[in-house]
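Right after this note come the structures.
The following pair of complexes shares a single chain, subunit A, combined with subunit B in the former and subunit C in the latter.
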Partner chain A sequence: MTPADLTAADLTALAPLIVLGVAIVVSMLLAPKADAALVRYVAALGPFAAMGIAVMRLGTPSLPMPALLVDDGFARLGVALVAATGLACLIFLRPALPAREGPPLMVLATLGGAVLAMANHAATVFLGLEIITLSLLALTVLPRSNASLEAAYKLLILGAIGAAALLLGFALAYAETGDLSLRAWSGSGMLVRLGAALLLAGIAFKFSLVPFHMWTPDLFSGAPPAVAAFAGVASKVAVAVVLIRLAAAPMPEPVWSTGLAAIGVASILLGNIQALRQPSLVRMLGYSAVAHSGYVAVILASGAPLGAEAALFYLASYAPGLIAAFCVAAGMGGAPMLDDLRGLIWRSPIAGAALALALLSLAGLPASVGFLGKFYLFTALIEAEAWALLAAAAVGSALGLYFYMVFMVTLFRRDDTPRPTPQFQTADTILLLTASGMIAALGVNPNPLVNLVRLALP
Partner chain B sequence: MIGWFPLFLGTLALVSAALAVTRPSVVHGLMWLVAALLSLAATFFALGAGFAGAVQILIYAGAILAVFVFVVMTFDASPPALARERLRLKQAARWPLLMVLALGLPLAFGLWGGAVATGLAPGGRVPVQAVGGLLFGPWAVAVEIASFLLIAALLGARHLVRRDPPTDSERPAP
Partner chain C sequence: MTLGAIILLPFFGGLVALFANLIWPRTDRWVALASLVLGMAALIFVTAQGVLTGSSAAGIEGEAGRWLALHRSDWAPALGVQILLAMDGLSGVLLFLSLGLGILTVILSWNETEKSALLMAALCWTVATSNGVFLAFDLLVFAFFWELMMVPAFLMIAIWGHGTREATAIKFLIFNTIAGLGLLAAVFYLGSTSEGPVTFDAFVIAARDIDPTVQVWVLAGFALAFMVKLPVPPFHAWLPDAHTQAPTVGSILLAGLLLKTGAYGLFRFPAMLFPDGFAVLAPYGLILGAFGTIYGALVACGQTDAKRLVAYTSVAHMSVVLMGICGGVHFSMMGAGIVMVAHAFSASALFLLIGAIYDRVGTRDIRQLGGLQRNAPRFAATFALFFSATLAMPGTANFLGEALVITGMFQVNWVYASITLISLVISVVYATRLFQRVVFGASRKAEVKQDLTWRELGPILVLGTGTLFFGLLPQGLMVALDPAVNAAVGAIQAVTK
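On to the complex of A and B.
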């Protein structure tokens, strides 16, 4: 296809990628000379427009796409969630000036997530994953501190191993089926099965599932909080869309479901247990993110008819909580310890209340949107009659309740030691208020979000 | 089957790669790496993928190796350093070895199992025109997306090589 062959339908379907690309190029060119705030505004236009286009097109019929990409409900919902996360993370991305590359890189990561959400071929899956990994890598070293360099090295080396496993998996399946699209896995030969196992390992790296999760806690504590929030929400949404597409392929069984269930259960248990005694807010969130990945993995492994809906709803419901928690962490210098948070709600009511609501939502307690996510999780597992997975999820949630509550109670403890007040800019405050509003409002009436997710289902 | 010649070249590549990572001296390791990359390129040629073979020689054996040679000049190659490296290799070899074995099994199975049906047409030749036609035809969008991968690498490199930490005169973000 030459540019002249692109039809209006193609352009409509590609519009989110096009606006993101334009925002990247323009903000990249502006970065060296222009005002840092202007660069950030220009960069933010990309995810904002992409989100708007994707949400408006939810529920409209699929358009034919150029090869390698697909335009369906999952793609649009994935793009909308990824772009919304990218926009939110752009707001509290720090340090902003020493690293003028920050805003364009954040939009690049968003573009990678959007490509992944639209991918239906090995080439686009790999490109999307690598764009996310490379831009997250560069974003991680924005502060150039020792902790961020360590996190970046772990992400680089483990990410390369994950990418190698993924490619080998695709290659083995290709050797048997001669097809590289995501539907190619329906074969049942030995090579396809081995390929599926390797593909699972490669995806588990990106989805931070045990035993391939080692980079997650370091990234969450070493990288700027906005970057960690993006890695915790947007890249997971994008990979979850790929997992949903693969499950529809269908993947060779029992390799796929058993493998996914096993690493999912291991992630739930190990993630929650390791989060139990973390004194640092961001490391705790890092280990609990491993556990949240595990919940999504067991939903998809259970094969429940509700699976895709439950997994997407779970990720969407967990996003505002994680973003708000990281925004508070960014305001408190990046890596606040348990002691720094003592009495936060009295010193800085907005930040304290937002963090409290976020922890409530992440723990899955009622009156927060996280409760509905957990509700979907348990419903899907009961529907699939996956009792062992259900037990693991229940134990994990109970453990999670404990460590989230430790942080939550600390927020309300008064003491007389003078502690620094967190620094928030106006945009941060608006973001915190929006995220808290979403957690509380959707917790009371989840219908808007449920309808949004249902529009994406085929 | 694909004939003995590509298999021979592939084995050569595998053996050279194993030697490349087990040599204590970095220069020797590099020479074996060149051998591995070149035999891989020869494998591509023997399988009919001439374009991939040429790219392999130009980019990997050529450009990337040149960068390695510059890095090697900064390394310590004295006998004590070599002894230290040998010791490290001995201590750290177990897990990578296991991994190579795990990955090698399916390949061995594919070679000797015989029962594996492949969906590939054997002996087909892929001319450069076909590759170009694919990349600048139906896959054009993927090529455009790949360009953003390069932008990400470029921006990251630009940030990493900047020496002086710029002054922190950041104005409040929007």
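On to the complex of A and C.
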């Protein structure tokens, strides 16, 4: 396709990618000379515009696209969620140095997520995943501390293994079917099945599913909190969209569903168990992120008719809680321990209340949007009559309560030792209030989010 | 919509109370009190309207005259969830109890200075969420309030509690929320297997013909949540700690209100939704209840911490409620309903009195207390009243309730009736021990010098009047409970005969 072939329709469909790309280039050009705040504002325009475009196009008929990309409801919702997360993470992105490459890199990661959400072909899946991984890698090392270097190395090495598995999986399937689009998996030969298993392993790396999850807690504790939040929400949303597309492919069974269910259950149990005794907020969130990935994986593995809706709603309901928690972590120096959080709600009421609400939401207690996420999770598994998966999800939520509540009770603990008051900028406070407002408002009235997710369904 | 106000007024009252001090110092308690009184006014209005207009407010098929008020509107149509609130006599009685205890606890904590705004909010929210539980007939909304109810109680224990309050608060929350998962899974199952559009409407589900085996499993999920909250052994491990470490107002709301939500759930939903499952599981409930009433009473005899002692008597009394409900005959269910009300009065009052002693001398150890009647006659007199209530002395509401349960038990099986009688005997042992140690004898290490203040005496008198009034003139209470009892007994007998 030459530039002359680009029609208005193509431009409309590609608009989110274009605005993100422009924002990256412009903010990169500005970065060396301009004021750091200006760079951030310019960079923020990209995700903001992409989110707006994607939300406005929800529900309109999909436009024809070249073979690499697709313009369907999932893609639009995925782009919207990724861009919203990218925007939120830009707000509290705090490199240790006044690094101006931070904001453009964050938007680059958002672009990767958007590409992945629109991917319909092995090449775009790989491209999207690698853009995310490489930009997150660069963002992770920005603080240049030992912890961040360790996290970056783990992400680099494990990510490379994951990418290799993914590529080999595609190659094996290609050898059998001669097709690289996501429809290629309809065969049932030995190579396709082997390829599916490798593809699952590759995706499990990005989705931080057991046993490919080891990088997650380290990244969460070593990387700047905003980067961890992006890895925890945006890249998962994008990968979940790919998983939903693959499930419709259809994938060779029973390799795909059984495998996904098995690593999903393992993630739920192991993630929750390992989170039980974590004294560090961010490491606890890291292990709980593994568990939450597990919930999404079992939803998709159950094959419930509600699966896609439930998985997307679950991730959307998970996002505000995780982002708020990481924003508080950022204000408290990046990796607060239990002791640092003692009595936070009395010292800094807004941050404390936001974190308390975030923990309630992550634990799935009512009057928070997480409760409705749990509702979708259980309902999807019951609908699919997947009793074993349901039991695992129930055990997981029960275990999860403990560590969320340990942190929750610490927030309210009376304590006379003087501790530093966390530093929040106005933008952080606005972000915290927005996230808390979303958690509470959507927890009481979920209709807007349900309707948004339903618009994305075919 | 007035029904909604019974939930919303305390809820928003709590929210306003939280921020009231920022605008005008020390107004939080006034806001809390006003919202609860307004809630009570709304309740009185709804009740009066329902009683005067009769069944015309209802419009629910079949049961003319049972429902005093009904409200139905959309909440999340996309998920099939609606706001369906209904009030009959049983709900009404418990709502009066909930708002009344809320007002009492606000008055009791009038001079609390530590984080008073949040305490007022927590009190209001406990009342609001329990009111939601007592009114909701959309099962998802019921589960929503059921889980939400734990949060303010958790805060009360964690912030204003004694001793190892944080660990206790976590234990309380985890026990109840894990049990709540059973309820959630069962409710989600009922919703996702709806015939036609998804609905959680309890009346629609009650009309459905659910397979008896499924009923047993789903009921087990419901019963798990209710029995942990009740609590009946072996699900009671959270209660002694929670009661002991909670602040006085927390203990009052736990005993008077939160335990009653468990009893209410058992009273209302098993017979209504799953009569076949109830018929299968009720015998096991009777066994658990019989075990619990003896176990709770015996363990209470061995306690030295007065608050812990009262906590174990709650286990014994609520096990009697479980037996009464599982008996499934008119006498026993009516008795269970009356014990619920009576226990709310007597346990709240005992916690209040013990809390008042603890405020004065800083101990609750009955080996160190004593001689209350010399220095504090008002203390001693009120203690005597509630001591007789807890051992079910004739004339108190507790006696009436337990007597009805025992009468009902004779219709079910004389073994259970005898066990209940034996537990009555044991209750005399622990109650006399508590009374003798605290009230009579010479004052030991801890001497109470100051008698009850009027701010403490007021709530005590209200609770005492309730105990005696419903013990001597129970007719009004029985008329109020009758429709709910009849409906439950009718549903059970329809499947067993």
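FYI, the second predicted complex is superposed on the first by the 456 of 458 C-alpha atoms of A that agree within 3 Å, B and C clash if a C-alpha of one lies under 4 Å from a C-alpha of the other, contacts with A are read in each partner's own complex, and residues count from 1 in each chain.
Keep this in mind: a residue touches a chain if its C-beta (ideal position, glycine included) is under 8 Å from a C-beta of that chain, and two chains touch if they have at least 3 such contacts.
None of the values given here were measured: they were computed from a predicted structure.
In the three-chain model built by superposing on subunit A, subunit B fits alongside subunit C with no clash. Between the Cα centres of subunit B and subunit C, as seen from that of subunit A, there is an angle of 150°, stated in steps of 10.
Once the two complexes are overlaid on the shared chain, A:Thr379 sits against subunit C while remaining clear of subunit B.
Of the two partner chains, subunit C is the only one that A:Arg414 touches; subunit B does not reach it.
By the touch criterion defined above, A:Tyr153 reaches neither subunit B nor subunit C. When both complexes are overlaid on chain A, the residue A:Phe48 reaches neither subunit B nor subunit C. Using the contact criterion defined above for the overlaid structures, shared-chain residue A:Val115 touches subunit B, although it does not reach subunit C.
Contacts of A:Leu172 after superposition on the shared chain: subunit B is touched, whereas subunit C is not.
With both structures placed on the common chain, the touch criterion links A:Ala394 to subunit C but leaves subunit B unconnected.
A simple residue count on subunit A separates subunit B from subunit C, and the partner touching more is B. Between subunit B and subunit C in the chain A overlay, the least Cα distance found is 29 Å. Within subunit A, not a single residue is touched by subunit B in the first complex and by subunit C in the second. Residue ranges on subunit A touching subunit C, taken from their complex, read 346, 360, 365-367, 371-372, 374-375, 378-379, 382-383, 390, 394, 397-398, 401-402, 405-406, 409-410, 412-414, 445-447, 450-451, 454. Residues of subunit B touching subunit A in their complex: 103, 106, 109-110, 113, 116-121, 136-142, 144-146, 148-149, 151-153, 155-156, 158-160, 165-166, 168-174. If you check the complex, the residues on subunit A that touch subunit B are 1-3, 14, 17, 21, 24-25, 28, 35-37, 40-41, 44, 66-69, 91, 93-99, 101, 104-105, 108, 111-112, 115, 123-124, 127-128, 130-131, 134-135, 137-138, 141-142, 144, 168, 172, 174-179, 189-191, 194, 425-427. On subunit C, the positions that touch subunit A within their shared complex are 75-79, 115, 140, 143-145, 147-148, 150-151, 154-155, 158-159, 166, 169-170, 173-174, 177-178, 181, 184-185, 188-189, 191-193.
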